[in-house]
Amino acid sequence: EDTIKVGILHSLSGTMAISETTLKDTMLMLIDEQNKKGGLLGKPLEPVVVDPASNWPLFAEKARELLTKDKVAAIFGCWTSVSRKSVLPVVEELNGLLFYPVQYEGEESSKNVFYTGAAPNQQAIPAVDYLMKELKVKRWVLAGTDYVYPRTTNKILEAYLKSKGVKDKDIMINYTPFGHSDWQSIVAEIKKFGSAGKKTAVVSTINGDANVPFYKELANQGISAESIPVVAFSVGEEELSGIDTKPLVGHLAAWNYFMSVDTPENAAFITKWHQFTKDRKRVTNDPMEAHYIGFNMWVKAVEKAGTTDPDAVSKAIIGIEVPNLTGGMAKMLPNHHITKPVLIGEIQEDGQFQTVWQTKTLVEGDAWSDYLPESKSIIAQWTPPINCGNYNTKTKKCSGQKY
Amino acid sequence: MLSVAALNQYYGESHTLWDLSLDIPVGASVALMGRNGVGKTTLLKCIMGLLPVRSGEIRYEDRSLTALRAEQRAELGIGYVPQGREIFPMLTVEENLKTGLRARGDKSKGIPEEIFEIFPVLKTMLRRRGGDLSGGQQQQLAIGRALVLRPKLLILDEPIEGIQPNIVSEIGDVIIRLNRARGKEVHFEKRESSVTDEIRDAIVRVNREMGVTVLLVEQKQHFVKRVADRFLIMDKGRIVAGGTMAELTEDLVRRYLTV
Amino acid sequence: MRPLIFGMGRWCIAMLIMMMPGFCQAVADSGESFAEALVRLKEAPLTELGEAVDRLAETKDPRVVPVLRALLDGRLYYRKDDGHVVFGDPAEDGLAIVDVLDEQALGIVSKFELKKIGINNALRTHLRETLGRLELAVEDPAQRLKAVEAMSKSLDDENLELLRARLDVETDAKVSEAIKTALALADISNDEKAVRIAAINALRGSLNPDALNRLRQLLEKDEAGNYLEPDSDVRNSAQVAVKSIESKLALYGAVETVFFGLSLGAVLVLASIGLAITFGVMGVINMAHGELMMLGAYTTYVVQQLMPGHLDISLFVAIPAAFLLSALVGIAIERGIIRFLYGRPLETLLATFGVSLFLQQLVRTIFSPLNRSVATPSWMSGSLEINGALSLTLNRFYILLFCLLVFAALLQVLKRSRIGLEVRAVAQNRAMAKAMGIPTERVDALTFGLGSGIAGVAGVALSQLTNVGPNLGQSYIVDSFMVVVFGGVGNLWGTLIGGFSLGIANKLLEPYAGAVLAKILMLVFIILFIQKRPRGLFPQKGRAAEA
Amino acid sequence: MSFSLLRKSAVDIPFLAVLAAITLLVPLANLALPESSPLHLSTYTVTLMGKYLTYALLALAVDLVWGYCGILSLGHGAFFALGGYAMGMYLMRQIGDRGVYGHPVLPDFMVFLNWKELPWYWYGFDHFWFSLLVVALAPGLLAYVFGWFAFRSRVTGVYLSIITQALTYALMLAFFRNEMGFGGNNGLTDFKDILGFNLQSDGTRAALFVASALALIGAYAASRLVVESKLGRVIAAIRDAENRVRFLGYRVEQFKLWIFVYSAVLAGIAGALYVPQVGIINPSEFSPLNSLEIVIWVAVGGRGTLYGAVVGAILVNFAKTVFTGVLPEMWLFALGAIFILVTLLLPQGLTGLWRRKEQAA
Amino acid sequence: MIAAKAAEAEIPGIPIRDGSVAEHRIEPAHKPILYLEDVTVSFDGFRALNALTLYIDEGELRCIIGPNGAGKSTMMDVITGRTRPDKGTIYFGQTVDLLTLDEPAIAEAGICRKFQKPSVFEAQTVFENLELAMRTDKRVWSTLFARLTGEQLDAIHEVLETIGLTAYRNRRAGELSHGQKQWLEIGMLLMQRPKVLLVDEPVAGMTHQETERTAELLLSLEGKHSVVVVEHDMDFVRSIARRVTVLHEGSVLTEGRMDEVQNDPRVIEVYLGA
């Protein structure tokens, strides 16, 4: 073999294409960059793009195809948790490497997966802290799309809020189906909930397509960021580029990266992105940064190990640090999550976020939430002596691992 | 008026019409006879353009119809009353009749009153869905509908099937009148006020000048004898005999029409 | 510099009305100077920006209001090289800037030379309140109303004083009402029982949520079980007032739910009415119907891109454009594919599914897979405020109207023109229609074009509500078929009534069952309903239909 | 009658022979041949082919109701998914305490969504035979209840199609709900073994392939007998003139119900074979678009012929596999074009080509 | 005559559940088998049947004539369960209330019908059409396992002969001409061996000679089956008529022997014409 193949497993059609296509382009750009620098281990990198078409079983099948047919050294891919769950057994069986770039619900740590997006403690908890401390929010609407990520995140948040003394009657939880488009009643209800005289905020884990009609309805029913701010965990620059943001100014999002961050690394990254896409209007977003970090970590680890062999690479990658785009360093932790800063931003009229708050230090991704009773005692540590993704510190047992 | 030469038609692989030729003179009233399944309906559909033909030529008023689509043939003045009535079932009676207006070519919006004079029952049922009518009522509607487009050649496929006897004889009258209008007085019963008289007279006049040529498929011989002046007999996809009504011998009947 | 002069004028008028003659001249020499305050504003970190704003306001300089407004609107910058604070307005290739201190236009500069003075939500609220106080006397009553509302959020003595003063001279009824409510809210905390009761009675009919909250508080008990409001007379009046407000709210709530239902219904009707023609009348199972809507939505986007300065009229251009485009594409589909499939209706499903895949990928290739941002014209933004408890969102309201309009127009076309009759004849018996001289090909193409064009128009409406992206069509196709079938295939009225009833039923269920369960219940309802009426709400009747 | 017999012998014997040959040769090529051999089939390929076969079985089921009885079901994915879930539940229970939380009874997703005990409807799924029973019963029962109402009320044509679509749509939304206890959107995944055999071993995968092939062969033969029987002709008569059949004294609704339930059970079995091979079952299998696609496979292959459905399912899915890998950004164009062209040029589907030749001969 | 033979032939292996048919062959009965009393049907306010009362005797051959739209086909719809009357009672024999039965049950009970518009299974062969119509256990499972016995095969062949479609037995019914379809449908009736045959316009589209054959066929059924024939072809009606009922505007106008009816001025006025 005279090239090193890199699998790119992002949906290019179907419902998730909206989000994932950009990540495919990002990967192509990063690989292109690397090749310009002379490739890896003296060989050029060769991207292998497949389209799992937003179809979850197809993700598994395509992952298998990448690993057995194309023999890729690593896969960068997936967006939704279910697609990752679908791919997981395949990469474990065939001992592949998967770099997963999206914020997610946690409660997982696989030997073969590296989670470069945020765990709940790197996004949700700091955001709620901000609302509580800075905006004096007393009443909470937890609105989400009905699937595992919002469910888990909200569960964690609910536990967290209660631990901070918030009463049941001050928490409203609402779930909607994927792609929900008629938000009239729900927004009206939020409005009512928020008119009880206490500062109210919405914590939104609403996903993808449902956001546009949601924000439009918010705007039309006159809910401004000042009356009831919405802090979203799944709305980034990319999503905003499809919305008329004028009425949304001041609503919030919590991420680990904003395009507006003023650092030289970021400026360079944006310039490269614009050059690569030949489109000066293309925005960058958090999962792109995650791929940027993940890819660079993998490159560094391969160089360190001197091989693309998955076992060697996963051993080498732990502890590796690469610069992120917000001016700090991202480090791969033994639990296969990374360190990240947490940024809270407000939506601006131009569809960008303005950082209004930021953690002082980097936050370490926690695979197993401390706010869920069942996972409190579980830790992930892929270094000896534990070498396990779900090690129960009470029973001293490593559960469910096949190796 | 109409001539067919060396027509061959196939349903898939089965050869239904064999080198069929016939001639219908202007102003004639021709009865096409033959046993079940010999291809009478098939022939009429070919003439109307509803079935593709494999080879052969169909000429009408000295122009070839072969390349024309069915609706163009209708516009040239060929009216068709199909076997099995083929009413538009969910259209009202009135709407069924109106479908013929476009092909009239004279922009008229209304249904000619003469239709209701011929078939008074239609007038009382204008708002009823065509599909709800009784079989016989539908048959009357089908004929009325063909008359709306004021045909020069009227093709009727078993038009009295399922019609009550007194109306059968009326239909016979209608056909005779339409056909023999040329140079003769035509009277449709006058029941209407004088306002419509003018229109009707105009129609009658046009009609008289035109004289509708009739091609009729019919099995009932007494009816045929009354309305047709010529006959054609078909067997196994071919025309096997023809002539004036007087030439229809017992022998021909026995040979081609009995089982 | 129009805004500035304007603002200064207003400022002076305000002061005059407040009967503080000479104030305008007096400002210059009090405390910190305007320029100094401005520098503080520029240099303050977000956390201290609020204080900087207060300082600036205290200078009472006429330039304060425009500066604060600009700050609120995100138009306030400073130059990176010399630190001049400037107003910036978008211009070609950058921003046109104007010095704040001396109103000098400084030309057009690139974004990178400037740094925006950013604010956050807390600050925004603060700014609005500050501006409210400063702007309580502006001419525009709507703006005054906003100012009063902003001030009502923090009813300190200073604000109350200003409001009282304003009430005496206020001419606008709505503003007066708002001020009275604010004052009454303050009076509820008054020590004197009579004042409290009077305040409560004043609030009895108010639909202001703060009023209800405040009144409810009077009825609450503390931890020890004692009422927060010791006086039982006061409590009784509060009780009466709360009851009266609540019953009003319930009524308006019901009206609101019906409106929600109607507007959801309107979307359903719009999405399905084109299908009611192509599917209901022509019998073509057009799986690409959703994509034809998508084309309409993208047309809106393109139109808005082509006429950037004319957002408010863009929709009036987009509607005919979308109709034409979708109709043409529809006709192309009909001529190219469907016409070979008449008599094989189920095959149309297969081919049009192919078309829908094709169109989706086409827009993905042309416009990228990302959603496109379609702006809402100002006349469609916000809501129609009926009263404090009931407001109808304008975009929904117009879409409801639009839906009825489209329906009426379509009905007329099909009723009045020959094509309505002919298309039904063709659908019922193609061969016979031909034999009657109906040009079936032209009728098919035109009808399919009409149905498709209406889908395009529906797409324009949808672009105002939801994502404009490659998946737009898919998310509506199932619902559209459901509505057409529920209403009864072949009956336009069925589609209208069907869409509205499903919409209303959904909205009635949603508050109790939640969005997901409500949708499931609706589907189950449709399944059961079809058992009762196997041919939909308005079935085709007659012998032919039963056979 | 003699006509139909002819039809059968001409196609079925070679068709079944090919299937039988595949059943034998594929596992051999995978297990017995060394990887270096050019004839070696990778496990990836075997699993992929296994998936195609389950789809083929599903298409066969749809063809029975649509092609033969004229019931256009746009909700057959629901029966497939139900069978799949039943199998998935068995596989979940097989995990035992090897889940990430190490809970002895509860599957992981229940643990982390705070379920305290196993819901009653999960009982029994630790037994393979019970699960197999449910694989057939759950779709069969749903089809029975749904069909009983719908056919008795004489819901026909598009009305029936759309309510089958509503059915699968409603089930999709219901299974999305985490409260349902089927893992919500993530569904059931991360299976470990089946009947004690490691699901990831080549042997198990080959065995699953063989099971799928045998199921298809069995279902094909059985369905052929059904459609050639007098019942098959009644069914076809119902398709063409439902009312007339009634006047001959046949209870149309019972015939429809029978074929509908039979077809649903086949679909359920297909789903049960599908899940262990793809490794996940989640609510998107209930999505209306999935069900629509099945119909399209049948149409592409040629409806009203059992082999057409099989061929269509395999070819369309094969094309998808190839296109999504080779033309990741353009494959929808290709697939769309195929659908359009097949409809226009091959009115009887792909197998129509072949049939035309047969008729000419 | 072939026709007569076919109808007479008992088909062994197919149980005829009710022996009464054989009984009445000996003595043509006057016991009504079909009672319609005061039956009214209206569509959107239009009364298609207006308090119609009619009795058909066992084994009788009854002709029903009347103007187009008199309600003849509607009457058959009502008897076969296709249309539910607004009012009235319909009994089959002394005990069977037809209004409580649905279409298949009525067919099962022994009332079969030929439609005015020929309706056969177009996609199936002539043979299969007859086979489907054949009187036998029509429940699902027995249909699944049904095999044609030699006798059944003979019966089908005989009927094929009778209706003159032997040469077409493997043709798809959709490819038949109109008249052929009429014959096929009559054949399907014969296969069902019903007690009551309702025949709506059987000779429409037939040649004179074919019409005669149909007349013979129907006559041969008399005595064993009750036959109700609706037809507008007066020659045909005359050739078979025993008792004739004239319907007009949904009720019986008159009833009697053909010659009586034929000369009734009211019948001439509304129906026959001068």
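By letter and in written order, the chains are A, B, C, D and E; residue numbering begins at 1 in each of them.
Basically, a residue touches a chain if its C-beta (ideal position, glycine included) is under 8 Å from a C-beta of that chain, and two chains touch if they have at least 3 such contacts.
Listed by chain with UniProt protein names: B, E = Urea transport system ATP-binding protein; C, D = Urea transport system permease protein.
Remember, it's a predicted structure, so these values are computed and weren't measured experimentally.
Touching both chain A and chain D: give me those chains, sorted by label.
Of all the chains present, those in contact with both chain A and chain D are C.
Using the stated contact rule, I'd like to know whether B-E or A-C comes out ahead in C-beta pair count.
Between A-C and B-E, contacts are more numerous in A-C.
Hey, which chain is the most central one here, using CA centres?
Here the chain at the core of the arrangement is D.
Which chain has its C-alpha centroid at the greatest distance from the C-alpha centroid of chain B?
Most remote chain from chain B, centroid-wise, comes out as A.
Could you grab the centroid distance between chain C and chain D? Build each centroid from C-alpha atoms only and quote it in angstrom.
Computed from C-alpha means, the inter-chain centre distance equals 45 Å.
Compute the distance, rounded to whole Å, between the mean C-alpha positions of chain A and chain B.
Each chain reduced to its C-alpha mean, chain A and chain B end up 76 Å apart.
Suppose each chain is reduced to the average of its Cα coordinates; what separation in Å results between chain B and chain D?
Chain centroid spacing, chain B to chain D, equals 54 Å.
Return the residues of chain C touching two or more other chains; collapse runs of consecutive numbers into ranges.
Counting only residues that touch two or more other chains, chain C contributes 360-361, 364, 474, 516, 519, 546.
Which residues of chain A are in contact with two or more other chains?
Expected reply: 12-13, 146, 177.
Can you pull out the residues of chain B that are in contact with at least two other chains?
As it turns out, chain B has residues touching two or more other chains at 132.
Quick one: in the complex, what on chain D touches chain A?
Touching chain A from chain D are residues 42-44, 47-48, 51, 95, 97-102, 108-109, 111-114, 173, 176-178, 184-187, 189-192, 200, 278-280, 282, 284, 321, 324-325, 328-329, 331-332.
Which part of chain A faces chain D closely enough to touch in the complex?
Spelled out, the residues of chain A in touch with chain D are 12-13, 49-53, 55-58, 60-62, 64-65, 68-69, 80-82, 85-86, 88-90, 93, 107-108, 146-148, 151-152, 155, 177-178, 372, 374-375, 378, 389-390, 392, 395, 397, 399-400, 402.
With touch defined as at the start, can you tell me which chain D residues reach chain E in the complex?
It comes out as residues 1-3, 226, 229-231, 233-234, 236-237, 239-241, 243-252, 254-255, 258.
Looking at the complex, which residues from chain E come into contact with chain B?
Its residues touching chain B are 43, 46, 66-70, 72-74, 116-117, 164, 175-180, 182-183, 201, 204-210, 213, 232-234, 270-274.
Going by the contact rule at the top, pick out the chain C residues touching chain B in the complex.
Per the touch definition, chain C meets chain B at residues 418, 421-422, 424-425, 428-429, 431-440, 490, 540-545.
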